[in-house]
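Multiple structures follow.
Each of the next two complexes has chain A plus one other chain: chain B in the first, chain C in the second.
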Partner chain A sequence: MVAQNIGFAIIATIMVIAAIRVVTTSNVVHAALWLVVVLAGVAAQYILLAAEFVAVTQVLVYIGAVMVLFLFGTMLTRSRIGVNSGLNNRYSNLGIPVAMVLFAAMSLALADSFGTEKLPSDGSLVTTQQISDQIFGPYLLPFWALSFVLLAAVIGAIVLARKD
Partner chain B sequence: MLVNQFLFLAALLFCIGVYGVIARKNAVLVLMSIELILNAVNLNFVAFALRNGNADGHTFALYIIAIAAAEVGVGLGLVLLIFRNRRTISLDDLSEMKG
Partner chain C sequence: MHSLLAVVIPYWGQSLLRVLGGLVAVLLPAGTIVYVFLFKMMSFMQSRLGPMEAGPYGSMQLFAEVGKWLQKEDIQPDNADKRIFRMAPIIVLMSTFLLVAVVPFGPDAWFTNFETGVFYALAVSSISVLGILMAGWSSANKYSLLGGLRAAGQLIAYELPMVLAVMGVVIQAGTMNLQQIVLAQNAGSIFGTDIVGNPYVLTQFVGFVVFMIAVQAELTQAPFDMPIAESELVSGYMTEYSGFRFLIFFIGEFATAGVFAMIASTLFLGGWGVPFSWFGWTSMDSVANWMNVAGPLIVFTKMMVLVFLIMWIRFSYPRFREDQLQRFAWKVLIPISLANIMVTAVLKVAF
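And then the complex of A and B:
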């Protein structure tokens, strides 16, 4: 139990620092690489939460595919590789109070609703078989809709990015 | 482990993502901030799945990962198109719609 909490604290600290670097760094490529750290941290938290399948999917889809897309997007839009000062807009400081107020409101709500409730440590673990039973059982319709969304997104991306 | 430690981490990630969406001008960086927000939501889903002892949260987390991949694909296609037509991806310069 203690080991899990120490692991959580270390990973969470790294994640928060990396996330702050993503939104404050002045180099687009560095932001993408810090985002890899955040996504890997999220995958590690999934493992702590006993969700191996989601963690593996996170690594494959996010760190594998989405990051390559981001790096290609950075490369093709020729945002200068290197220090780039024009990344924030004029009212960027307005974001700090908005984020602070949002976090304060969410903290109050969370502390009020869950307090010191513990996660079940001996509960039945969710297996990958259960997830597939869910996807191909009660949640089949959203799965179908999702297939069409992915198809539309693939065709749309090709049509948008075509040369002529 | 408390339920709240994961929920607080997710809330913090969410707020950092919201700050990024507000503060950034470069369209690719705004998309990265949206990824932070989606990951915070996913963390909440998986934490609640463990708390409630069923697989619904995992299912929805997987669906959100798929939607995020589609969103990034289309979003970067749009950014490429804007860059090709305007030679810039600064969101402050795209003001034809008076947003």
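And then the complex of A and C:
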């Protein structure tokens, strides 16, 4: 388990630095690219947890689709090279306490629900089949609910984009 | 899985072999494709000879070209975002190298035996979009930016039919592991005869066609070369690149063609295998060791056939207009591949 811990530490450090750069950099495209580093780090952490399927989904959805869409949008509209995009506004001071509260709430929730429980160190692999059995078995209703949320978002996008 | 050709290799040796193998598996097909198809076949189709001076039939031309690119000045535009400008081609090439990691070349000759192989391939192939967008934006050139945006729009649109086309194969094989998909095709039988195994190009022909069209678009080869249209965008996102950075883009383009063809041959043509019934093999363990040598050659042959198809279409058809291109993806390919998934799923349950 030691090798995994060292790997976790290295990736986590990179992720924290990249996350700080996301909010401190003054160029919106640079911020998006630093965010890519953070999300790739998350995928690497999933690999360390032997969660292949989740890691690959992370890359496909967040790096391959969401971030590309982000970059596409910002490049199309409001990003010129070397220009300070004026990302920092007067609400940035308010953001810090909000982030702290969120961090505390999440740590509390994690500590509360898992406590001293640890992952099995034999690294037993969760197969994709097990995940799909869970999604299409006991978790079918939440899965459907999520699908409806996405469908609503898609319809909303069409309504907004239609001219007539 | 510790022996290759029945010789025990330590773990570090295996890792070293895999890295070297990865380099060979990316660069050798890329060079062969450029010479055989881009230099010779294109010339033949246009009634000219192509390169003839460097080496017999111009076969050393590629080395001359690489030498030329390497010694050119590395120009970066004044207004460019230099760091991102330098990073972009490397990210495009990285996506190719990550892609080859899951292609199986024999019963023991694989780089990684990933449980979610196909899914991983589709995911890492989408990383190249990021590099293209970075290249287009950081060049500080409106043609580059337009090319980058067109590329992103096209690659997003054609990634969907590609994923959906692969889904049919995954349903039929019951696994996403490429090694298992090869096994399922070669050990299978079609209508009770196992003389050719069960290559999915027969049962998933619709999926195969959709996949190859999507590959053509993902590679931005004509007729889907709107993003790099040389007559209006001056090569799009590559306009400002010169010297070895352009070389990296160039290698990336043809290496990705080769790797995508390898993945297509694994998914639809039976990959490294021959029909197992020919030699009386029944499972992965009973496959003879010499397949580790024959396997890569078989994959290479199938790859050349598929790249021939890609290049044939590239040299034959004129460019799609942007709106035609998008309409084709969203209104033709995606409905077809969705219908293909439904039919496959119903037949899978029925039989």
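Throughout what follows, the second predicted complex is superposed on the first by the 123 of 164 C-alpha atoms of A that agree within 3 Å, B and C clash if a C-alpha of one lies under 4 Å from a C-alpha of the other, contacts with A are read in each partner's own complex, and residues count from 1 in each chain.
The working rule: contacts are C-beta pairs under 8 Å (C-beta built on N, C-alpha and C of every residue); 3 or more make two chains touch, one makes a residue touch a chain.
It should be emphasised that the depicted structure is a prediction, and the values quoted were computed from it without experimental measurement.
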First (chain B), second (chain C), both or neither touched by A:141: neither
Partner chain in contact with A:29 - chain B first, chain C second, else both or neither: second
Touching partner for A:76 - first (chain B), second (chain C), both, neither: both
First (chain B), second (chain C), both or neither touched by A:39: first
Which of chain B and chain C A:65 touches, first, second, both or neither: both
Which of chain B and chain C A:6 touches, first, second, both or neither: neither
Partner chain in contact with A:53 - chain B first, chain C second, else both or neither: both
Contacts of A:114 with chain B and chain C, given as first, second, both or neither: first
Chain B or chain C, by number of chain A residues touched: B
Chain C-contacting residues of chain A that also contact chain B: 53, 57, 65, 69, 72, 76, 79
Interfacial residue positions of chain C with respect to chain A in the complex: 79-81, 84, 114-116, 119-120, 122-124, 126-127, 129-130, 133-134, 136-138, 140, 145, 148-149, 152-153, 156, 159, 176
Touching residues (chain side chain A, partner chain B) in the complex: 1, 4-5, 8, 12, 15-16, 19-20, 22-23, 28, 31-32, 35, 38-39, 42, 45-46, 48-51, 53-54, 57-58, 61-62, 65-66, 69-70, 72-74, 76-79, 84, 86-96, 98-100, 102-103, 106-107, 110-111, 114-121, 123-124, 126, 130-131, 133-135, 139, 142-143, 146, 149-150, 152-154, 156-158, 160-161
Touching residues on chain B, where the partner in the complex is chain A: 1-9, 11-29, 31-33, 35-36, 39, 42-43, 46-47, 49-51, 53-56, 58-59, 61-63, 65-74, 76-81, 83, 89-92
Touching residues (chain side chain A, partner chain C) in the complex: 29-30, 33, 36, 52-53, 56-57, 59-60, 63-65, 67-69, 71-72, 75-76, 79, 81-82, 125, 127-128
